[in-house]
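I have a structure here, written as structure tokens, and I will follow up with some questions on it.
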Amino acid sequence: MLRKLMISSCLAVVALSGNAYADSSTKVALVPGGPHPYFAAWEQAGADAAKDFGLGSAEYKVPQKWELSMQNQMLESLVTQGYNAFLIFPGDPVGTVAIANELADTGAPVMALAGCLKDPSDALFCMGTDTGNSAYLGTKELLTKLAGGKGKKIAHFTGFLVDPNTQLRIDAVNKAAVEAGAEVIQVIADIDAPEPAEEKINAYLAAHAKDVDGIITTAWVPAVVASNALRKIGDKRIVMVGIDHDKVVIQAIKDGFVHGTMLQNPYGQGYIGSFAADKLRSGCKVKADAPFKTNALTNKFIDSGTVFAGINEADNYVASMQKITKTLLASFEKTYLSC
Amino acid sequence: MNNTTKAADRTADAFGPDVQETSSQHPAMRLLLTNEFGLIALILVFAVLFTLLNPGFVSKFSLFAMGRTAAVNIMIGFSMMVVIITGGLNLSVGSIGVCAAMAAGWLMQSLGLPWYLSLVGGLGVGGALGALNGIVIVRSGLHSFIITLASMSIFFGVMIFLTHAGSFREIAPEVVAPGRMKFFGVISPLLLITFVVAGLLSVLFRFTATGRQMLAVGASPQAAELSGIRVQRMTVWCHALSGVLAGVAGLMLVSRTGAAIPSMAGQLGQDWLLPAFLGPVLGGTLLTGGRASVLGTLLGAFLVTMLTTGLLLLQIAAFWVQTYLGLLLLVAVLMDLLRRSYLARKKLV
Amino acid sequence: MNSQLANYRESDWFGPLLITVAAIVIVSVFNPEFLSPYNLQILLLAIAVNALIALSQMMIIAIGQMNLSVGAIGGLAAISFGGMMEVWLIPWPVAALLALGIGLFAGIANGVLVAWTGISAFVITLASLSIFKGINLGITEAQPFYKIPEIVKLLGNETFLGPLPWLILPTVVVAVGLWYLLSFLPLGRFILAVGGNAHSAELSGISVAKTVVAAHAISGLLAAMAGIMLVGRLQLGQPTIGDDWLILSFAAPVIGGAVLTGGKVSVAGTLLGVTIVVIINQVLVLFNIDPFLVQVVLGGLILWAVGVNRWREVRAQKTEKRLAA
């Protein structure tokens, strides 16, 4: 009965479900690393989960700046406010471990969401995108489009180097390129902010547009800026694969300037994460033999879904992510938890 | 418009001639007029306010967390303060702090040195980088702003190049323990370290010749030169001290996070810039140099940490917190101004 | 003729000019693409916006203060501009004017608070930075505004007369206007006098308070203008616009010879300072510097730029002394 309701209530708002459960005392906090459009779906996901599963609350709490200390202070204040389950995007895979462990010590279930903490940590698991693998798959898509990629030259635009994930992405792109016999001729990093991205990407295309066959972007802002830049110079020869679901990128895919984008599943992360948090607070345990995957950071990884969206998927990517979320949720309790 | 300049004179230097003249007759008045007293008053007012609005504000965990955060912010403030007193700036505090932390982590993990030697090594790196700043500033005659702007980029860049953004996690338990330890469930050892450093700095500026010479250099380099102080050497010393203090702050964060990570002060160490300036400026250290208030910096940094924590606890819509923080900061400095003008007026009556 | 040349050599902007020319020559020898029309357009676009940011800060440096809220004002104006067009469907020229008004108001608020309370501008603008950025985040919840009219996008990216982008026009007007203001108008003289020595300015009958408010008003207006232009250039009302301005806003005027204690600024020097920074940023891309070394090279080049300028100054002083002796 319980499971049935759960499945049917997934995503679609089921009016009755709110009444079907007694309000639990679970207060989930969904805490991103800072203000960023990627996490916007968490707010709705938390609210939906709270309603669908009868949580006390599941709230989206955003640190005002993208700073580790700001996130730490926010998390500490949430403890004082009585939040008792935490879904955290780690400001730094290593740097956030200490605070996550402290939160776990208060008895609250702590999970890394969207990005992982580096093992060892007291986080129960990490549900999100395997950043390295997503970059690898994106590069593969790009090279496939480039007739297999042999001898092709690609450029890689990515985020801040202080974020260890950036190194993982650089390695993954290089690996995919080497495998296909292509060459990464330039990496431009530290441009996950609009002004530097605009300056550097345009300067790069101005000087090297004719030398490059493909572009892979592995951070939000560079994907947006590069999409616009390609539209501006009207170049459909250069094949580009972006990341995430910014409207600019999606539109550029529809208009043929961008080949496709590597989507992630922030809504599903927030929704399933909140569900799991409540289960874990009401006596469930993470199975010792749960079929976790392994990535560069952790061996307790759950893939929340990474899919490539090309021109055919650009219109209905939301539906395809929802499908993944449904599938994941339907078997989540059975697969990962013992209650 | 005359009012405005009077106000300007009054706050630009709380120890201006007119204040001092009368206040020498009223020792109590002089105390009430100090920046430090104002900050204590503000801290008390806001502490009561926050506690009334959310009793959780004074819970053991909350106090502990606030003290621990404040400890680092205060130390960062000190690091900037000792350069501000020379009339200069040090934009590379964050960069140096991270470099020192990473150096200590490397010594511990890769070279396997004992923890105390590693810490000394980290502080040494901090001091050396600071001294390097000082030497280049003195030799080139360029403003410290531009030199430390460039060195912020260079120090951080070399660190990122050497580590490839990797972190050091094999930190000795002796170093990690203080980051989580609680005395009486409330006091973080990190806060005690900060108090000790504050004490040492007070002694330096109040009772030692070196400290007084540093202040003299900031007040007027020419006059200091004429009275036989080696201005250049003092400037280098101040920058070296700034580097050491930035290193202490960095190592405190290592203890707090249990690892030496490149991102602990953000891209180029920029995250530290605001706390670095906030403490000293609120605490009454003049940006033009020549005056330092160790206690003021400590209280100023604490006030800001407290306001942030308090606001986070009030459950304001998450995206508006920053607006309220700005408004509170403004209210705080205006209240301080009101206090001063009230006292000044009362004195005149 | 000779003395005129000497005059030029003594001016603030001569050193930065030499550095700019040297940089252009060196870069274009190694990479001829640097002078291609498209690259020039990219350069000018970057300069157009960054110059306004730097000039916005320069006005406050002129009165011997700092404005930490330049980026926050720019960001707030940018998202207001985007938001008014998307949500309220206001025509773009009206939205631009209103957004400029917001910037002007923000600047005046800064100025009035500084002048009226006498609290250091550093503290006031730090608080207002937080307020403006907070309002920005509160309105947008970190989501960009996307519906930017085509005409705005065109103005932000199209060119006239070869490589000249439309965005360069407002910047040129502002630069000439500020130069005229600082060189010939009473307000400009007041600003520099207040920056040089507020006390003696007051004694000579200048209203320090009014001057401070005026300088902050101009600063706010220019910051808003830069924000609005960036919306056109990025084709998005990004809430993060302005987050990265602070360092550039100080570096460019200082490279251009401005004195941080006030009273001495140069519009031409600041423009050249911006150009140097923009060229340095391009060089890092053009020469495919290892991304892990970019920051080191950037710092080194900034040191080189100011070092050359300083070396020239020192030599000029020595020559002067020799001539005097």
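List of remarks:
Order of writing sets the chain letters: A, B and C. Residues in each chain are counted from 1.
One rule holds for everything that comes next: a residue touches a chain if its C-beta (ideal position, glycine included) is under 8 Å from a C-beta of that chain, and two chains touch if they have at least 3 such contacts.
All values derive from a computational prediction rather than experimental measurement.
With every chain reduced to the mean of its CA atoms, the largest distance from subunit B is reached by A. The interface carrying the most C-beta pairs in contact is the one between chains B-C. The geometric centre of subunit A is 36 Å away from that of subunit B, both derived from CA atoms. Subunit B and subunit C have CA centres that are 29 Å apart. Residue positions of subunit A touching 2 or more other chains: 35, 62, 64, 161, 190. The multi-chain contact residues of subunit C, meaning those touching 2 or more other chains, are 134, 137, 141-142, 292, 294-295.
Those residues of subunit B in touch with two or more other chains are numbered 160, 164, 319, 321-322, 325.
Per the touch definition, subunit B reaches subunit C in the complex via residues 1, 4-12, 91, 140-143, 145-147, 149-154, 156-158, 160-161, 164, 268, 270, 274, 277-278, 281-282, 287-288, 317, 319-327, 329-330, 333-334, 337.
Remark: subunit C residues 31, 33-34, 36, 38-39, 41-43, 45-46, 49, 134, 137, 141-144, 146, 157, 230, 233-236, 238-241, 243-245, 278, 281-282, 284-286, 288, 291-292, 294-295 touch subunit A in the complex.
The touching residues of subunit A, counted against subunit B in their complex, run 35, 60-62, 64-69, 72-74, 76-82, 91-92, 94-95, 97-99, 102, 118, 160-164, 166-167, 190. Residues of subunit B touching subunit A in their complex: 54, 56-57, 59, 61-62, 65, 69, 72, 160, 164-167, 169, 179-180, 256-259, 261-264, 266-267, 271, 305, 308-309, 312-313, 315, 318-319, 321-322, 325.
The part of subunit C that touches subunit B in the complex is made up of residues 113, 115-120, 122-124, 126-135, 137-138, 141-142, 198, 202, 207-210, 247, 250-251, 254-255, 260-261, 290, 292-300, 302-303, 306-307, 310, 314.
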